[in-house]
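Before I ask anything, here is the structure I am working with.
Note that the chains are named A, B, C and D in the order they appear, and that numbering of residues resets to 1 at the start of each chain.
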Amino acid sequence: MPSFVHTRAVHFDEVDAAGIVFFAKFLGYGHEAMEALFGTLPGKYHGLVVGRRIGFPAVHVEADYRAPLRFGDIVTITLDVTKIGTTSCTLRYRLTRDDGTPTATVLHTTVCCDIAGEPKKIPFPADVRALLEAYRADD
Amino acid sequence: MPSFVHTRAVHFDEVDAAGIVFFAKFLGYGHEAMEALFGTLPGKYHGLVVGRRIGFPAVHVEADYRAPLRFGDIVTITLDVTKIGTTSCTLRYRLTRDDGTPTATVLHTTVCCDIAGEPKKIPFPADVRALLEAYRADD
Amino acid sequence: MPSFVHTRAVHFDEVDAAGIVFFAKFLGYGHEAMEALFGTLPGKYHGLVVGRRIGFPAVHVEADYRAPLRFGDIVTITLDVTKIGTTSCTLRYRLTRDDGTPTATVLHTTVCCDIAGEPKKIPFPADVRALLEAYRADD
Amino acid sequence: MPSFVHTRAVHFDEVDAAGIVFFAKFLGYGHEAMEALFGTLPGKYHGLVVGRRIGFPAVHVEADYRAPLRFGDIVTITLDVTKIGTTSCTLRYRLTRDDGTPTATVLHTTVCCDIAGEPKKIPFPADVRALLEAYRADD
């Protein structure tokens, strides 16, 4: 299956006092790729969250950092879905710099929830599941 | 009248690629002082926003920057209320570094709104007005 | 003169507890447009800041907020240069939603500085000045 | 050994479009506890980073999320050091809400680096090692 690819510049205010992108921000970059993926649905991601009141709270994250990102880098986030269950899935974000250097891999496990009130686990709706299946990792 | 004073450290991830606190962050520091001020109400600020559905969207901001803030600085935010109308007020945040250097002054004009649906201007509730009056600027 | 136009989606984590984009973030959106503008120089913005050690600390900001931005909105930032002096300039960012609603105008006055050590005011280099002149506002 | 405890309020702008603290922010909360821990050294954390040019880039992070944090919550971060090697260590941050609910556990593995130029692995200086040892986890 193909991967879903999202590209963006590192912004001026995303570095920390050591001059490199703050480690927590890598999760945000991955999430932007997920927003872009769900943005391909009719109604987009906010149609899911705000309209249909379906959310995807994180339950587990694992991140491996290999090389820093700096202001001026363009980061490419390659998104694959490594696991799909009835109510949860794991997204993998592989971040690379524009010079080709792999910088980090983030595994992001989320649970599909009805968020109208207190979050309540629900099975993935058919359209969301189909989208996740379309980017299932081969490896 | 006395001012309301709020103090906090500059965090590791709040500087930008020039090594100083990002200019937009100064508004956030001011807002934290406002959160702390409203935190003195029974029910605190989130009691206002989430419980009573009263919000204070900004309508105007003016900021003067005199000296940079850096990671490691402790910033003191001195809050006064320079104007109070029926539905709007202007908060002044004067930011100083722990070495005494004045770094910025931010004027923040907000409108009291019912935010249950689309924001709708309403008069300040009595408890909010009393709190604002208690920190009215002398100058 | 034409304006410089920069467009980006409101991200999932950019709203506040009232459900709208945090007021300080509007300055960050404007700054992203400035980063994109300087990104058209050979060496880009980080070439200026990190390479040539030229920075543009803010000295004054004025923002008028007219309508909220929410997750799911696409914001267009229209950048013009309203004043250019020897060492300082004022950038104007007009933010509109994808439904055409004007949401805010931000005036951002910066000073051109040598930031190798403590920031020291310097005249705009010729390439920076030429770029600013190219987007000078007509009004 | 005792744990190092750091407490802070969830700020107004730290929630996402689902109304809960953004998952990446939990890492930032943990990092604040680390900043506070290193803040107990003479020269504080910025003395390490900016003065002595010693940094601690993340190499691995694992986070388990159990319950959401919301605006208005006070979060307590309990920091222990679960591993200390010659050049790397693992910090554990256990986050709890003011109602006692455990919300997340974050494991943060960092490498001690000379960051004067490109980051270069170095053994922990004696004062940093002693500080880490003082908060070594019992379990």
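By our rule, a contact is a pair of C-beta atoms (placed from the backbone, for glycine too) under 8 Å apart; a residue touches a chain by one contact, two chains touch by 3 or more.
The shown structure was predicted, so the numbers you read here are calculated from the model rather than taken from an experiment.
K.L.:
Based on the averaged CA atom positions, which chain is farthest from chain C?
P.N.:
Ranked by distance of C-alpha centres from chain C, the top chain is D.
K.L.:
Could you tell me which pair, A-D or A-C, is linked by more C-beta pairs in contact?
P.N.:
A-D
K.L.:
Express in whole angstrom the distance between the two chain centres, defined as the mean CA positions of chain A and chain B.
P.N.:
Computed value for the inter-centroid distance: 33 Å.
K.L.:
Approximately how many whole Å separate the CA-defined centres of chain A and chain D?
P.N.:
About 23 Å, centre to centre.
K.L.:
Report, in whole Å, the distance between the mean C-alpha point of chain A and the mean C-alpha point of chain C.
P.N.:
The computed centroid separation for chain A versus chain C comes out at 28 Å.
K.L.:
Which positions in chain D are in touch with at least two other chains?
P.N.:
12-13, 17-19, 22, 24-25, 28, 31, 46, 49-50, 70-72, in rising order.
K.L.:
Per the contact definition, I'd like the list of chain B residues that touch chain D in the complex.
P.N.:
9, 11-13, 28, 31-32, 35, 39, 44-47, 49-50, 70-72
K.L.:
Show which residues of chain A lie in contact with chain B when the two form their complex.
P.N.:
12-13, 15-19, 22, 24-25, 70-72
K.L.:
Which residues of chain B touch chain C once you look at their complex with the stated criterion?
P.N.:
Residues 17-20, 22-28, 31, 46, 49-50, 55, 57-65, 68, 115, 119.
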